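This is the structure I want to talk about, given as structure tokens.
Letters A, B and C mark the chains as written, and numbering starts fresh at 1 in each.
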Amino acid sequence: MNSAVPWALSHTQVAIEVVATLSFALSGVIEGARKKLDAVGICVVAGLAAFGGGTVRDVLLDRRPIFWMQHAIWVWVLLALCIGAMVFMRARHLEPTERAMQWPDALGLGLFTAGGAQIALDAQMPAIIAVILGMVTAVFGGVLRDIVCNEIPRVFSDHRPYAICAFVGGWTLVGLQGLALPPWLTLLGAAAVATLLRAAALVWDWRLPRWQAGSGP
Amino acid sequence: MNSAVPWALSHTQVAIEVVATLSFALSGVIEGARKKLDAVGICVVAGLAAFGGGTVRDVLLDRRPIFWMQHAIWVWVLLALCIGAMVFMRARHLEPTERAMQWPDALGLGLFTAGGAQIALDAQMPAIIAVILGMVTAVFGGVLRDIVCNEIPRVFSDHRPYAICAFVGGWTLVGLQGLALPPWLTLLGAAAVATLLRAAALVWDWRLPRWQAGSGP
Amino acid sequence: MNSAVPWALSHTQVAIEVVATLSFALSGVIEGARKKLDAVGICVVAGLAAFGGGTVRDVLLDRRPIFWMQHAIWVWVLLALCIGAMVFMRARHLEPTERAMQWPDALGLGLFTAGGAQIALDAQMPAIIAVILGMVTAVFGGVLRDIVCNEIPRVFSDHRPYAICAFVGGWTLVGLQGLALPPWLTLLGAAAVATLLRAAALVWDWRLPRWQAGSGP
């Protein structure tokens, strides 16, 4: 392995975190605005949505400093995003923005999953744990956002495939790992699988099977 | 102290975590099904109920790897339990299952308390902190389950003794520690006290004292 | 720098944590009583309100043992406070107590902010992260209290300046740090700014700007 590969890997991972973080932050702004939080609340919910999943992953893995504490620039970017959204976005923008956000959000889902699972594999975790930590990275930001907004997390209750796409993407990463591909290709492949699966679920309106409550008396 | 004692202690602790974990996971499946979560949500809530308390304890003590990340087999067991429950359990089973679950849950309460408090004592924590971490281990899985399901945690609001049984069990462990008994006996004694106290509370329908709201004007 | 300065700094920091902790604990007792939690629930909510912010800060910074696990005396003080409040406080006391609590709470806000931000600076965090960790220390106890009580955290939704006072106080600490003042003076200066700002917000009933929902169609 030459020295360019860790470099490319490290840059791919940083780029992954940037795109996904901003796309998740905006989901927090929208949810906070809907719940009529004040300016501080909106920033905090955006921060939880953007950084929450990665933070839970880093705490579980005991990885320090936590990424947003190390690259403080992203806290500034988050603040700018929130203030910009609060100044320029009007209430009537919320619903169309949320619909438009589905696509960068699907991208974030794939990228966070692949990045998170890779970090867990690098920390010598077994495959199933890496897959779960990839899911945690992708999904727990939204979970924390919804908990603070006093909702049952949408990802657990809307019966649409979301975390399950991350689950499949995580296993893709584990599988590709075995092929000794260049690390960036492994990452992008896994991210693509999760993202495309989520996009397909959106386009064809897939549903998860319901609990078989109907078969009771 | 001969070398058999740490062996027995370590096996007792592993056995403790297994039985209690499965019994708590099923409480998560039931709560998730009641809230009409989708399949992914049910698995996550079951996972929080089963692993949440121990995870919070390990994070507070800075103990890594966290037990379910080290023994990944238990994640597989959890997944199998959730899928099995979703396939075989019908809505009309929920209430009788929950009533039947009270007894393994009381067992889990005792075992988690004793195991968690012992781990804290091993980490040189003072007695009161060990007792609290035993309670956290036993109780916080259910707390996280209820928070995600958007309920006030039942353990804090149903006015029945639950955490308080863990509290007494924890102090029992601290007291037995002073008697220089074999470690497995100390563990089982403390677990038995907490479990029997909980069972007595269920059988005789004990209530915690209410806040003296009635004495206001 | 002579050896008296670290001594004074360490004592100032301990005193900071004591006063602020008790004042926050009482807010948890009141909120728990309002939600009709049982005795255990009230103690846990008081503990979350008092220790939650500092615990989240310590976990994010990987600082162990967590302060309340190291100084176990404060757990005893918390228990005594909760039991005392439950015995002596009546339902009709809740509202007047809460109004009276605004002032020690403002003090706690300032002290926790300054203490938390200082700890983050000591851990070599960049300025913006130290400010955020100061806010987390001051604010997340109340956030956890409200999440467990199944409310949207008041600090994010009541449109009154609270976290923003911590934000300004945090930046004051960072600014004073540059002046090479004695550490205790830096701490007290930053705490005073946050506390006075909060007090002014209470006295003149300041409001945060609302989301511009009215400008939609």
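Going forward, contacts are C-beta pairs under 8 Å (C-beta built on N, C-alpha and C of every residue); 3 or more make two chains touch, one makes a residue touch a chain.
It should be emphasised that the depicted structure is a prediction, and the values quoted were computed from it without experimental measurement.
Q: For the two copies subunit B and subunit A, is the contact made of the same residues on each side, with over half of the numbers shared, or of different residues?
A: different
Q: Can you report the angle of the rotation that maps subunit B onto subunit C, using C-alpha atoms only, to the nearest 5 degrees?
A: When the C-alpha atoms are superposed, subunit B turns by 120 degrees onto subunit C.
Q: Distance between subunit A and subunit B based on Cα centroids, please, to the nearest Å.
A: That gives a centre separation of 30 Å.
Q: Residues of subunit B touching 2+ other chains?
A: In subunit B, the residues touching two or more other chains are 59, 62, 147, 150.
Q: Which residues of subunit B touch subunit C in the complex?
A: Residue positions touching the partner: 59-62, 125-129, 132, 143, 147, 150-153, 155-160, 162-164, 167, 208-217.
Q: If you look only at subunit C, which of its residues touch subunit B in the complex?
A: Per the stated touch rule, the residues are 32-33, 35-42, 44-45, 55, 59, 62, 64-66, 68-69, 72, 75-76, 86, 90-93, 147-150.
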